[in-house]
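Okay, got some structures for you below.
Each of the next two complexes has subunit A plus one other chain: subunit B in the first, subunit C in the second.
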Partner chain A sequence: MQRNGPVALIFHSLVVAFMLAPMVVVCLVAFTPENTLTMPWNSLSLRWFEAVFEHADFMASFWNSVRLALLSATISTFLAVPAALAITRYEFRGRDALNALFLSPLIIPHLVLGVAFLRLFSLMGATGSFAWLVATHAIVVSPYTLRLILASLTSMDRNAENAARTLGAGEWTVFCRITMPLLLPGISGGWLLAFINSFDELTMSIFVTSPSTVTLPVRMYMYASESIDPMMAAVSALMIAVATVTMIVLDRMFGLDRLLVGKG
Partner chain B sequence: MSFLSVRNVSKYYGPVAAVDSFGLDVEKGEFISLLGPSGCGKTTTLQMVAGLVRPSAGTIMMGERDITHLPPPQRELGVVFQSYALFPHMTVAENVSFGLEMRKVAKAERDRRVKDILALVHLLALADRYPREMSGGQRQRVAIARALVINPPVLLLDEPLSNLDAQLREEMQFELRRIQQVVGITTIMVTHDQSEALSISDRVVVMEQGRITQVDTPYELYERPRNPFISSFVGKSNFLAATAEHHAGGATISIGNTGITFQANDRPKGKHVSVFIRPEKLRLTAPSEGQIEGTVTSRYFMGNQWLVSAKTPAGTLSVAVQNFGAPPPPIGEKVGLVWRNDDCRVLAAGAAE
Partner chain C sequence: MSASVSAARPRMVVPSLLSAPATLFFIGLVLLPLALTVILSFNSYDYTAGIQSDLTVSNYLTVLQDEYYYSTFWRTLRLALITTVIAVVIGVPEAYILSNMRKPWRSIFLLVIIGPLLVSVVVRTFGWSMLLGKNGFVNGALAAVGIEPVQLLYTETAIVIGLAHIMLPFMVIPVWTVLQKLDPTVEAAALTLGASRFTALRRIVFPQAALGILSGSLIVFALSASSFAIPGLLGGRRLKMAATLVYDEFLIELNWPLGATIAIIVLLANLVIMLAYNRLIEQQAKRKLG
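Take a look at the complex of A and B:
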């Protein structure tokens, strides 16, 4: 690998600083004892975190988002495993179309998806249902699960499965004992990415949530459009913490660069 | 009725034949080597026998039973893959034990057999390691143990020793042969190492571009290769351009540029032929005493022998000289070369010169 020159080093540092600075500022502001968005120069306080935990709407939205992310990540994983197996292992008509269909939510703007789903749900009379919200999120996060599972499938040694077959294992045993364990890094990596993406999805959710299914990002958006106080900073800090912890777990378990830069 | 019979089996990938009309009868307990250059279809052939590649044509019989379309789990063959194909998420012991589990062998019995087989391949100490924590040679031995432990009637080995160092390789060759004979297990081994094929097989099958070109015992194969390609692929060879006068009892062969003629029993087609002779069947003498005179152009010391090249009117000839007594003459020296005409094989002039 080539060493960076001093100019490149300064440039990279500036880019990183530019990306990190807002998050650092938000996290710091969250500890302010004041009533306005100010830096806590003189003293630190947890009052805005307390405020979040005592704010019933925020807590309801938080749990709503957690449930939504858990369910949609899991559902999309269950869909992506067979889809990835079909795409990598079988020649059939419409294979490329299936692949493209699964990846399309990455390309279509969430705003468009949101409007489309809103229209669809009002036609169906399903507006405001939590189940349909889960369905929309499962669709939006499925590119992540599919990508990661595809990556681990293509890098997998098919002869391991063949070896199991010659040793007397039937197809179902091969799948449970060999294929699934070897896919596990891809599956759990995809699941976690899907979870994070569902958890902070805002654009589409604005259209498809109802007062009873407001997610945390939507709640924050609504709150922030009325008033800006340090509670928003506290919520943001908490979300950053959740995302960071998941990323660290992901990295510890599988190595982030392997998952995201990945082969295939 | 032979034990395992492969009849006219072909495999096409698109219009290209990876294996073309492969036919072979294997007796019970026989050790067969499939020998051939890279890409000649050895792995494909083995995988068709294993049931992992579906033949485009032909049948495979095990005794009276047609197994051509039988799925691999029902064939109960032991297979060692070219890439080892170990289960990366299982320890060595778990890898080896997998086949026994599939056969519902009781836990205690399983542990005992795994232990025995790991001792056999000198891996007992590494039983709890994962494949990624082992060297290529060690993985290869796990793969062998995993295939052997189920006591299969037929063992299919795809270059099982390719990653071992010379010494361990030799040890494992004879070990494989020993196990094979003790257990009486019918074995087909793929290799592209000719000395390995010669040293441990009962019969060697030579393949070129998907086709069998010769099936013989190692000695016959080495002494009577059927074409120039085989003679240079199996062992080293000298080729001399020659012409043949065919007559009732055989042919009179004249080696080009030398005036040497002799009677041959081989009956190659055509007038232009190749005479081939192994380096170890040539001997160096004083310049005037040989059938042909030459000048030493190179001399390599190989330990047990010297490989000397001499430029002669018939072309450059390699001579293997046992490392016995004084070293052979140095480069530039005039020498005579002697051989017995009976040791010469005459083949139709081919491309592999």
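Take a look at the complex of A and C:
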């Protein structure tokens, strides 16, 4: 392994500054006492955070996004566990095609998915329905749950299952008592990644939400493209806080590098 | 034939049952809506009567011939390409520097680089709009050293800066993964045998990292070309890219068939890139085998 020279370290510091700059600025400006987007050089104030909590639309969107992320991550997990079992444990015709189909939302741009859902829902007369919004998010986040569950299934030691079978356990008992507990880290990691991806999703949601089901990112996008005041910075700072907590949890539980980078 | 089918049947039942819920869900909510969108792109649109149920290629001709549309496509391609080049130029050395770091620092800075993936794109883009705005912090810093303020927000430069920021993790991740598998003693051996640092990088590290760079470039290009929030917030009302154009057609102009056409073209371009990528990987694998 080579040591990094001074040029490399200067380059590295600039990259780190570049990556953190927009988020640091957002968090600082959120504490401004002024009415405009200025740095709180002289005094700090929580007035814009209060404004967020008093803003009915933002709060409604926040809870809407939380509900949506909880439901879609859970549904995608219930779909992904049996699908992953079928893909890893059985040889069958069309297996590769199924795998490709389940991972396709990663390749199809969210923009295209959004347009396609809008068309489908308008033909069905289901535009603006929260249930269908949950279904679209479940589709978009399924690849994340599926990938992590697939990874933990392929790396799982199957001797424990075979031992249980030898000792007379039925297939269902083996699944509940052996397979499931071994899968749990993969499932919870996938669920969390699915949750945060649903919570942050903008491009697809902007096509399928209606005024009553607007999610937080969509609300923020609309708000930011019309007016910019420090309340937007306060909401952003809160979202950065949520993301940081998620990041620390994910990192402690699984190692974020392993989760996002995959098994290197 | 019939014997093999009947022998295969019992083995088909369990996996079919297990994958049935997900399969039905994905057919109904991925394949069906995509098929409907393809059909929609061949329908014509009348500003008073709405979407017609005829079949015509006129939308595709409009997109290819109308200057407004093809100039937007051209801008999309150009900015996605510039972003990809910047992501390579910054991301590849950064991944190399990260992989050379010592124990605690390496994982800490990897978190700093890829952690922003968990922060909503809207938040990060909003941060850039504050930095690049007319009274923003970049112009403030320029004014402090006596340079005239420059128009950054709502220019292509702003879009590229925002895109590069969002895309950098997608370049660092694959390159870092490849570098992790690299045997560090080979590079050390090259240095011991008298190769300069640059030669060792060019002849040893770079060829092995090439596949990671390629895969990162494709992801970055594909995501940049279909990105929505960044051109939407940093490009303003005038500078459109493919995604904001589709948004306008669907939700402002209400010309759904034309919007569907643009979306299908974006999808096709994506699929072509992915297929080309798989081809390249296969060729590389073949070359390695013999």
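Here, the second predicted complex is superposed on the first by the 257 of 264 C-alpha atoms of A that agree within 3 Å, B and C clash if a C-alpha of one lies under 4 Å from a C-alpha of the other, contacts with A are read in each partner's own complex, and residues count from 1 in each chain.
One rule holds for everything that comes next: contacts are C-beta pairs under 8 Å (C-beta built on N, C-alpha and C of every residue); 3 or more make two chains touch, one makes a residue touch a chain.
None of the values given here were measured: they were computed from a predicted structure.
> Report for A:Y221: first if it touches subunit B alone, second if subunit C alone, otherwise both or neither.
second
> Is A:A100 touching anything from subunit B or subunit C once the two structures are fitted on A? First, second, both or neither.
A:A100: touches no partner chain.
> Which of the two, subunit B or subunit C, is in touch with more residues of subunit A?
C
> Is A:L44 touching anything from subunit B or subunit C once the two structures are fitted on A? First, second, both or neither.
neither
> For A:A243, select first, second, both or neither according to whether it touches subunit B, subunit C, the two together, or no partner.
After superposing on A, A:A243 lies in contact with subunit C but is clear of subunit B.
> Examine A:M124 and indicate which partner it touches, taking first as subunit B and second as subunit C; both and neither are also allowed.
neither
> In the overlaid three-chain picture, which partner chain does A:D251 touch, first (subunit B) or second (subunit C), both, or neither?
Touch partner of A:D251: subunit C, not subunit B.
> Would you check which partner chain A:V15 touches, where first means subunit B only, second means subunit C only, and both and neither mean what they say?
Second partner only, subunit C.
> After the superposition on A, what does A:A164 contact: first (subunit B), second (subunit C), both or neither?
The first partner, subunit B, only.
> Considering only the touch criterion stated at the top, classify A:T173 as touching first (subunit B), second (subunit C), both, or neither.
first
> In the superposed arrangement, what residues of subunit A touch both subunit B and subunit C?
Touching subunit B and subunit C on subunit A: no residues.
> For subunit C, which residues are in contact with subunit A within the complex?
The touching residues are 8, 11-12, 14-16, 18-19, 21-23, 25-27, 29-34, 36-37, 40, 90, 93-94, 97-98, 100-101, 107, 109-131, 133, 137, 165, 168-169, 173, 176-177, 180-181, 184, 187-188, 191, 197, 222, 226-229, 232-233, 242-243, 246-247, 250-251, 256, 259-260, 263-264, 266-267, 270-271, 274.
> Name, in rising order, each residue of subunit A that touches subunit C in their complex.
1-4, 8-9, 11-12, 15-16, 18-23, 25-26, 29, 37, 39, 78-80, 82-83, 85-87, 89-93, 95, 98, 101-102, 104-105, 107-113, 115-120, 123, 135-136, 138-139, 142, 196, 199-200, 202-203, 206-207, 217, 220-221, 224-225, 228, 232-233, 236, 239-240, 243-244, 246-247, 250-251, 255-257, 260-262, 264
> Show me the residue ranges of subunit A that touch subunit B in the complex, using the header's touch definition.
Touch residues, subunit A against subunit B: 157, 159-160, 162-170, 173, 177-178, 181-182.
> Where on subunit B does subunit A make contact in their complex?
Of all residues in subunit B, those touching subunit A are 50-52, 71-73, 75-79, 81, 83, 85-89, 98-99, 102-103, 146, 150.
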